[in-house]
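What follows are several structures.
Two complexes, one shared chain (chain A), two partners (chain B, chain C).
Our next item is the complex of A and B:
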């Protein structure tokens, strides 16, 4: 196997990982874009998606094609309940307070998982098949290839919806100026709910993909922190930024991990984060007036 | 109030409190308490729950037999979430609330290291825990501590001796998580592999919590080792490594160390898990070889108990034996006396928890056995004799 093919394989693997990061980052962006809330519980909602899938696919032995929509719907339900029950009563409060509520929410969700499903790490039933995927001579993990394709479709769908769908336009309008959106007849609280529901559904879906690769455990929510780096680099309110930064960080980690060693992955990723915050604190594609917490 | 003055009432209340408190104190004075900073939640929660059950069951057995010199054992513990600051806080709380706490179970290497000066200062306690860190196997600097099994370097030595016997000159890759836990045995084991004529062709380090390991699998394929030894993981990312290695047609054998060896966590992995091997210092709950203590455990708990249970059980057994030997000699329960009693354990019969008589020459029990996962049976099956790496 030539060095070039090896290099190509590493790049493809990195892009695949990056797509998963981008998909999770999207959950941060959707909520921030509409409500100016940074939801630090995205990682734990992602974890809940994995556990919902596990319950239906392994616990009830139902088809993955039933388990996936159930997992996504479960994530959406969490989003709806949290937004209506916890976040909306806090509208107008200090952003730090709302931010801390989401930190607490994450801990509550971890506690629920430990109580209901226990603390053992678990593996999700395979639903992606095991045949290897080759692009030319280059090998790509089947799960990573499928995750990449799903993430690409979902992100393209969101970009289209934001541009052309009424709900997407309402969300953009609310993000730009809430008072103006109200005066134009946009149901702003409804937009908030919609953002939370879609965001948490996306995170839960990402949880199924992530769980199918690395298994599920009460600690898998830590993946959310990696995605937070992506949104800070890409821009907290930019869907395209999440995509591009996700792919870039995936690629960066793959190359540094391969050619320098796994211990350098986080050094480079967080080095990039610090550099970005110093040079361009609103991210590559973020809106300049974003308030940093 | 029935014509009683406030002063009389207070005097009565105080005296009644004394009457009830004195017998309670007298009753507790005979107990020997095992304290525990246990990781019942968090990343190590799966182990903490099993460890607690194992310790409690051995205490139950000892107490049913009348205790140690008539003194009952009791476990006083709290959850730490596998956080060092919380473990230390629990230690301080439990030691201030409980008299006669001479034994302690800690949840991590970081806690073992942090609390060691305090153990030395107190001088009235010995400690073991969930950590098998090589640095704790230092009878001088970690005098009040011991490990109820081999340390991580000794676990690697057991694996390497097995490999050297099965396939002399084999090519190895070490895959370790970029954590203190994961990096523990790398340097010492690379040297040991060389001594045994084995070649470590690559070392792969994965960041903590890594999920996607595609790039690491590609490195593994480049190295094409006969064996890949994983350390610093519980389950993930092992199944993904094994799945992708199979997809790529690699015939590498995958191995792990103690905390990856619980058969229940491999059950859900399915056929991919078949053939996974590793070092296990204790017998499994379902082992069929003669083991009276295992039989007793099965009577107490009819369902499968995880490897953490065996670790907790043996830890309590060794602690109890050290206390018994100290009291047999009429000595005080100090760290020095109990540790000397612990080191006097030679060819000790664990009732089959470990398949050979054990000794504690330093801070460890340097013995283990290679088991292999059988996906059909959903069990770990022994593939070697017990291997001792005592110097």
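Our next item is the complex of A and C:
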């Protein structure tokens, strides 16, 4: 096999995990854009999505086509409950304390998973098939290819909704100026809820994809940290930034991991993060006046 | 309260951050279908009055601590800000506050949420473009790139989309050239005449505000000090002196100096 095809295969695998990073990053961006809260529990909600899928598909032996909607709906329910019960009562408080609450929420979710499902890693029942996919001569794992396609479709759907759906206008209006949004008759707390629900549903869906590729475990929430790096690089309030930075970091990690060795992956990613914070603290595409935490 | 009163404020007190009292027993009312003007110098509490009416004070940690406000026959202080908009109140805020990242058309779309649950037909955007043809030309551009005048037109256009019963207008002349002020106020008068919407207008530019309004209130440090039909206010010596900048009696100047001095002192203490 030629070196070039090998290189291409690494790139494709990188883009595949990059698409998942972008999807998870979108979960951060949605909540941040609407409410100015950084939800550090995104990774753990992603993990919950994986476990919900596991329970329905493996525990109850039901079809994946039931398990996927259940997992996404479970994530949405967590989002709704957390927003209504914890975040909304804290409205107007110091962003740092809200941020800390989401950190706590993450730990609680990990605790729940360890109690209910135990600490052992598990594999999800396969629903994507295993026959490899070839793009030209380059081999791509079927799961990665399918995950990439699903992530791409979901992201495209989001971009379309943001632009053309009336609710998307309400979300962007609320993100720009809360008081003015109220003055136009927009139900601002409703938009906050909606952002949390959609974001957590997206994260849970990403968890199903990630779990199908690499299995699930109580530590898989760490993926959320990589996605956080993506949004900091791309800009906390930028959907386009999440997309581009997600694909770029996926690619970067795949290439450094293969050619330099796995231990260099984190060095490069966080090197990029630190560099970014130094030259453009608001991210590649972010709005300038973003507060740093 | 008379049946033809759309808004009536009785003796409200407003406090920010639980400590700074800004309104001290302010009362005023707006007749249905009429334009009332609220005049006052900087910091008198005009914008605060409007925010109390549209229930936006909570966003700035302010609250109405006593008194009552009635809108269209029902008390309003317990309502949500967006609920109030959907009941027919529209606040065009100071500084225009258009959504800069959104296009002109999307700004109007945002205002369609004011019609949610009201069972009315959606307002055709052409109504807005009829009053402000310039907005039609720029309907696909980002609102942030509009000129100040066009942004003010857009802010008023959003109000038109909402089919309100009462529009609160906070200093629509702010930062506009005299010619543009003329143009905007001509349209404000036309909107009032043609749609019958009531208006409460806050202004520093008394001459142009009086030209379009039926009744006037003058406030100082949190309460109304003078009110009456505009024809009468225009003839009032003090009003001519301080708000219309006519006549040039010597004593007037020193009175204003005293007022400034007093305000500074309050601010320091």
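Note that the second predicted complex is superposed on the first by the 293 of 293 C-alpha atoms of A that agree within 3 Å, B and C clash if a C-alpha of one lies under 4 Å from a C-alpha of the other, contacts with A are read in each partner's own complex, and residues count from 1 in each chain.
The criterion applied here is as follows: contacts are C-beta pairs under 8 Å (C-beta built on N, C-alpha and C of every residue); 3 or more make two chains touch, one makes a residue touch a chain.
None of these values were measured; they are calculated from a predicted model.
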item	value
Which of chain B and chain C A:93 touches, first, second, both or neither	neither
Which superposed partner A:180 touches (first chain B, second chain C, both, neither)	second
Touched partner set for A:170, first chain B, second chain C, both or neither	second
More chain A residues in contact [chain B versus chain C]	B
Partner chain A, residues of chain C touching it in the complex	54, 56, 59, 61, 80-82, 85-86, 90-93, 97-102, 106-107, 109-116, 158, 162
Residues of chain B that touch chain A when the two form their complex	40-43, 45-46, 48-49, 178, 204-207, 209-212, 214-219, 221-222, 234-237, 239-240, 243-244, 246-248, 264-265, 268-270
In the complex with chain B, residue positions of chain A that touch it	1, 6, 9-10, 13-14, 16-17, 20, 58, 111, 114, 118-123, 126, 130-132, 139-144, 210, 213-215, 217-220, 222-223, 254, 257-258, 261-263, 265-266
In the complex with chain C, residue positions of chain A that touch it	92, 166, 169-170, 172-173, 175-188
